[in-house]
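So, here come the structures, one by one.
The two complexes that follow have chain A in common; it is paired with chain B in the first and with chain C in the second.
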Partner chain A sequence: MLQILIQGMLLSGLYALIAVGFTLIFSIGRILNLGYGAYLMLGGYIYFWASQSIGLPKLVAVGMAMIFGVLMGIMKFQLIVKPLKGNHVAIEISTLILAVVLQAGVVFVFGDSSKILLPIVNGVVYVADAPVTYNMLIATVSSWVILLSLYTFIRTTDIGRAMQAVSMDTKGAAICGIEPDRVNMVTWALSGGLGALGGVFFASYTQLAPSMWVGPLIISVAVVIVGGIGSIIGTLIVAHIVGFMEVIVVSVFAPELRGVFTMGLIILVLVLRPQGLFGREEL
Partner chain B sequence: MSYLEIKSLSSFYGKAEALSNVSLSVEKGEIIAIVGANGAGKSTLLDSIMGMVKQKGTISFDDKTISGKSTSHIVKQGIGYAPERFSLFPYMSVKDNLLVGAFTAREKTKDNLAQVYSLFPRLAERETQETATQSGGERQMVSLGRALMSSPKLLLVDEPTIGLAPKVCNEIAVSLRRMRDDFGLTVVITEQNANFAMTLAERIYVLEAGKMQIEGTVEELKSDNRLIEAYFGT
Partner chain C sequence: MGLRWYHFTAWGLFAIGLALLPEIVSKGTLRTFIFANYLVIFAISWDLLSGRTGYISFGHPFLIGIGAYTSAILTKRFGIDVELAIPIAVIVTMIGGLIVLLPALRIRGSYFALVTLAFMELMYQLVQVIRPDLTGGTRGMSGIQTLTRGAVNGFYFSSFLMFVIAISSWFLLRTRIGTALTAIGLNESAVEGSGLSVTKLKMFAFMASAFVAGLGGAFYVHYLGSLAPRALFDINFVFTIIVAVLIGGASTIIGPIIGALFLTFLLEYLRPYLPGAERYFIYGGIALLLYMYQPKGIYALITSGWQMLQEKSVK
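What follows is the complex of A and B.
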C-alpha cells in the first residue's frame, strides 16, 4: 500500500512535469500541439549527446536541452503557428507531421536502437522498504518546484497576467496594449523548454528511443482532456489521477495494461463529460 | 487639426466594406456620440480607430498619425477602449482585470487604481470577485475601469448602456461625465439609444449603413427631425 502511494506520487510528479508544457499551449491558444512529444525526445537526445557523448557536466547538459527546447518552441510558433493563424486542424496536423520528421532525423543521427540514459544523480534511498532512486526523487521534487514557480509566475507577474488575458480574450488583451503574438511566442518558448526538461527526466526513467515522443504525448492529451482546462492546478490534479491509476493497474493487474487504462479514461471522459472534469463553460 | 481626426475612412472585413468614406473630428475635452442602428458600423468605427480592422484613409490623434499602427502602439499614444460585450477576462478577478489594463502604464498603477475605485466604489468592494459572476452593470464598470488603467487621454466606449437597467445607465452616464469634468478626458461613445446620447454628448454623428449621414450639436439636431428620420430609417 505504502509502495503504491510512493510510486504513485513519484510517477504523478513526473507526469505533471511532462504535461504542463502541453496544457500551457492548450490554455493560451486552444491548440493541441500534437508534436509536443518531440520536445521530450529531442531534450532527451540533446542531454544524452552533451553529457554522455561529449562529457559535459550533467547540469550544463540539462541547460542545453532546455535551451534547445525553447528554440524549437519559438521556431514552431514562427514557422507553423503564426502563418497558419486560427486554423487549428492545420496546426495540429503540421506539428504531428513535424514530430514524425524529427523522429526520422533522430534515427539518422543517433541510430534506431534505444539507449540507456545514466541517471542525473546516482543512488537509491529506501522508503519503507521501497526503493526510490534519487533520479526519480529529483524529477518529482523538480516537478513540484517548477509547477509552483510557474503558478506563481502566471498569477503574480505582468507577463503571466498577460498570458492569462490572451488565453481568455484576445481582443480584450490587445486593447490593453498587449501584443498577443509576442505573448504566444513566450508561451511556445516556455512550453518547449519545459517539454525538453520533462524529456530528460522521462528518458532517464524509461529509456531513450526515437519513438519515445508518443507515450508522453498520450499522457499530455489525457491530462488536457480529462482536466478540460489548461490550468496548472488542474494539470497537477489530473496528473495524479493518471499516475496513481497506472501504478495501481501495474501492481494490481498487469504491467501491460497501464497505458490501456489511461486511454480508456480519455474515451470515457470524452463520452460522459466532454468539457472535462474541471472544464468550465465559456462565457 | 482636431484632437481626433478621421478622414475618408473605409474599413473592410475581407472584401466586404463595413465603413465607407467616413470622416469625423473630435476636439479636446468634448463628449461626442455616434448614433446608429444595429449593424450601422459603430463598433467597426471604434475598432478601426484602435487599428483592429483592415482600413483605408487616415486617422490622427493628438497631431500624430495612428492609422496603420499596431493596437498596442495606439493604446500607448493615449487611447483607451471599452468595447462591445466588454471583452473582459472572465476567470480573473476584478482587480486582475484592472491590472492587465495597466500593462502599458505600470508606473502609474497605484494612482490609476485609486482613481478607478473612487469612480466605481463597487469595484473596490468586489475586487476579488471573478468577472464571470458579475452583473452587466458591474462588468461595464470593470470595462471602463480597465480602459482608465492605461492613463488614456481619449476614451472610446461602445454602447455603454446596452442591456442595462435605467438606473445603472444613469450611473454610467454620471461616471462618463466625471471622467471628462474631473479627469480631463475626451470621450467618444456609440449609442443605439438616441435619447441617452443627447443627454450625455455635446455633438452627435449619425451613422447609417456604414456612411456618416448627419453631424451636429445636440441643439441643432433637436430642432431638426432628420435625426429621427435617419435613425429610424424612413
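What follows is the complex of A and C.
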C-alpha cells in the first residue's frame, strides 16, 4: 500500500513534468503539438551525448539539452506553426511527420539500439522497504519546483500575463498591444525547454531509444485530454490520476496492462465528455 | 457523373501498364511493386475515411490489423479455408469501423484523430495480452497460409485487387455520395441543413473505408505469411499511409496511387545508401517540405502544371 503511494507519487511527478510543456502549447491556441515527444527524445540524446560521450559535467549537459529544446521550439514555431496559420489538423500532421523525421535523424547519428542513461544523481534510499532512487526523487522534486515556478511566472511577470491574455482571447490581446506571435514564440520555446528537461529525466527512468517519443506523447495527450484544461494546476492533478492509475494497475493487475487503462481513459473521456473532466480554464 | 472518354482511356492504359509490367522489370522490382500495391490499398482506405470527410484517422492500422489478425487466426488456429476466412475478416473489420464511427458522432478534428491513435495503441497492447495462444502475443504469428507463389503471381494478384479497389472507389466518389462526403469535410452543419443525414453519410464512409482496410489487411497477411504486432500497430506505419495520401493528393484516388508508388520506390532506391530506419529522414523530409509547400500533393502540382501549359499554348 505504502509502496503504491510512493511509486505513484514519483511516477506522477515525472508525468507532470513531461506533460506540462504539452499543456502550455495546448492552452495557447488549442494546438496539439504531436511532435512534442521529439523534444523529449532529443533532450535525452543531447544529455547522453554531452555527459557520457564528451564527459561534460551533468548539470552543463542538462543545460545544453534544455537550450537545444528551446531552439527546437522556436524553430518549430517559425518554420511550421506560423506558416500554417492556425490550421490545426495541418499542424498536427506536419509535427507528427517532423517527429518521425527526427527519430530517423537520431537513428542516423546514434544508431538504432537503445542506450542506458547513467542516473543523474546516484544513490538509493529505502522508504518502507521500497527502493527509491535519488534520480526519481530529484525528478519528482524538480518537477514540483518547475511547475510551481512556472505557475508564479505566468501569474506575476508581464510576459506570463501576456501569455494568459493570449490564451483567453488572441484578438483581444492583440488589441491591447500584445503581439500574439511573440507570445506564442516564447510559449513554444518554453515548451521545448521543458520537454527536453522532461526527456532527460524520462530517459534516465526508462532508457534511451529512438522510438521513445511515442510513450510520453501519449501520456501528455492523456493528461491534457482527461483534464480538458490547459492549466498548470490541472496538469498536476491529472498527472497524478494517470500516474497512480498506472502504478495501481501494474501492481494489482498485471504489468502488461500498464497502458491499457490510460488508452481506455482517453477514449472514454473523449467520447463521453469531450470537454474533459474539469471543463476549460485558462492557464 | 461527368465521365469523359479520357477517363476510361486513362484507366485502360493504367490496366495495360500493370499487365505488361512483369515483362519489363526485374523480379526484385516486382516485389517492390507488390508492397506499393498494398500501400495503395491502405492509402485509398484512409482516403475514403479521412480525405473527404476531414475526420483524420491516426489509427488506421487498427482497422487493417483487425482484418489481418482475424483472417490469420481463422486460417491458422481454426483451420478455416482462406476463401471463407477473408470475407469473415472483412465483416469483422467493418464492425471495427463502427467502433471508430462512435466517437466521430460526437467529436471531430484533433480530438477524433487522438481517439483513433488511442484505439491503435489500445489494440497493440491488448493483442499481446489477451489470448496470446491465439494472437501469438508479442512475437506475432508466422507460417500463415499464403495465396500466391512467386513474384509475378503475387504482382498480378495484388495489382488486380488494387485496380478493382481503386476504380470502384473512384466511381463511388464521383457519385452524389462522394460530393456529399466532400461537403461534410467543408462544412458539416451545412450538409445537415440541406436535409441530408450526416450520420448515415459518415457511416457509409467509415464502412467503405473499413471494407477496403479489411480486404487489404487480410490479403496482405496472406501475402506475407506472417504478422507482428509491433510492425503492424506502429506509428511509422500510420505515418507511411498518411504521407502516401498527402504527398499524392487527398481525396483524388489517383493521388494515393501516385503517392504510394513514389514513396515505396523512394525508400527502395535509398536502401543501398541508407540501410536502416535512417531512410525515413530523407523520406519524411521530402514529405514535410511537399506538405508545407503544397498540401494538396503531387496531383495538384501536375494539374496546375498542365493548366499552365494549356494556357500558354492557347496564347
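As a convention for this text, the second predicted complex is superposed on the first by the 279 of 283 C-alpha atoms of A that agree within 3 Å, B and C clash if a C-alpha of one lies under 4 Å from a C-alpha of the other, contacts with A are read in each partner's own complex, and residues count from 1 in each chain.
As a convention for this text, a contact is a pair of C-beta atoms (placed from the backbone, for glycine too) under 8 Å apart; a residue touches a chain by one contact, two chains touch by 3 or more.
In this text the structure is predicted, and so the values were computed from the model without any measurement.
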item	value
Partner chain in contact with A:270 - chain B first, chain C second, else both or neither	second
More chain A residues in contact [chain B versus chain C]	C
First, second, both or neither for A:225, with chain B first and chain C second	second
Overlap of chain C and chain B interfaces on chain A (superposed complexes)	none
List of chain B residues in touch with chain A within their complex	50, 52, 70-72, 75-76, 81, 83, 86-92, 96, 99-101, 103-104, 106, 132, 146-147, 149-150
Contact set on chain C toward chain A in their complex	54, 56, 58, 102-103, 106-107, 109-111, 113-115, 117-119, 121-122, 125-126, 128-129, 235-236, 239, 242-243, 246, 274, 276-281, 283-285, 287-288, 291-292, 295
Residues of chain A that touch chain C when the two form their complex	30, 32, 80, 83-84, 88-90, 92-94, 96-98, 100-101, 103-105, 107-108, 112, 210, 214, 218, 221, 225, 254, 256-260, 263-264, 266-267, 270-271, 274
For the chain A and chain B complex, residues of the former touching the latter	158, 161-162, 164-165, 168-169, 171-179, 280, 282-283
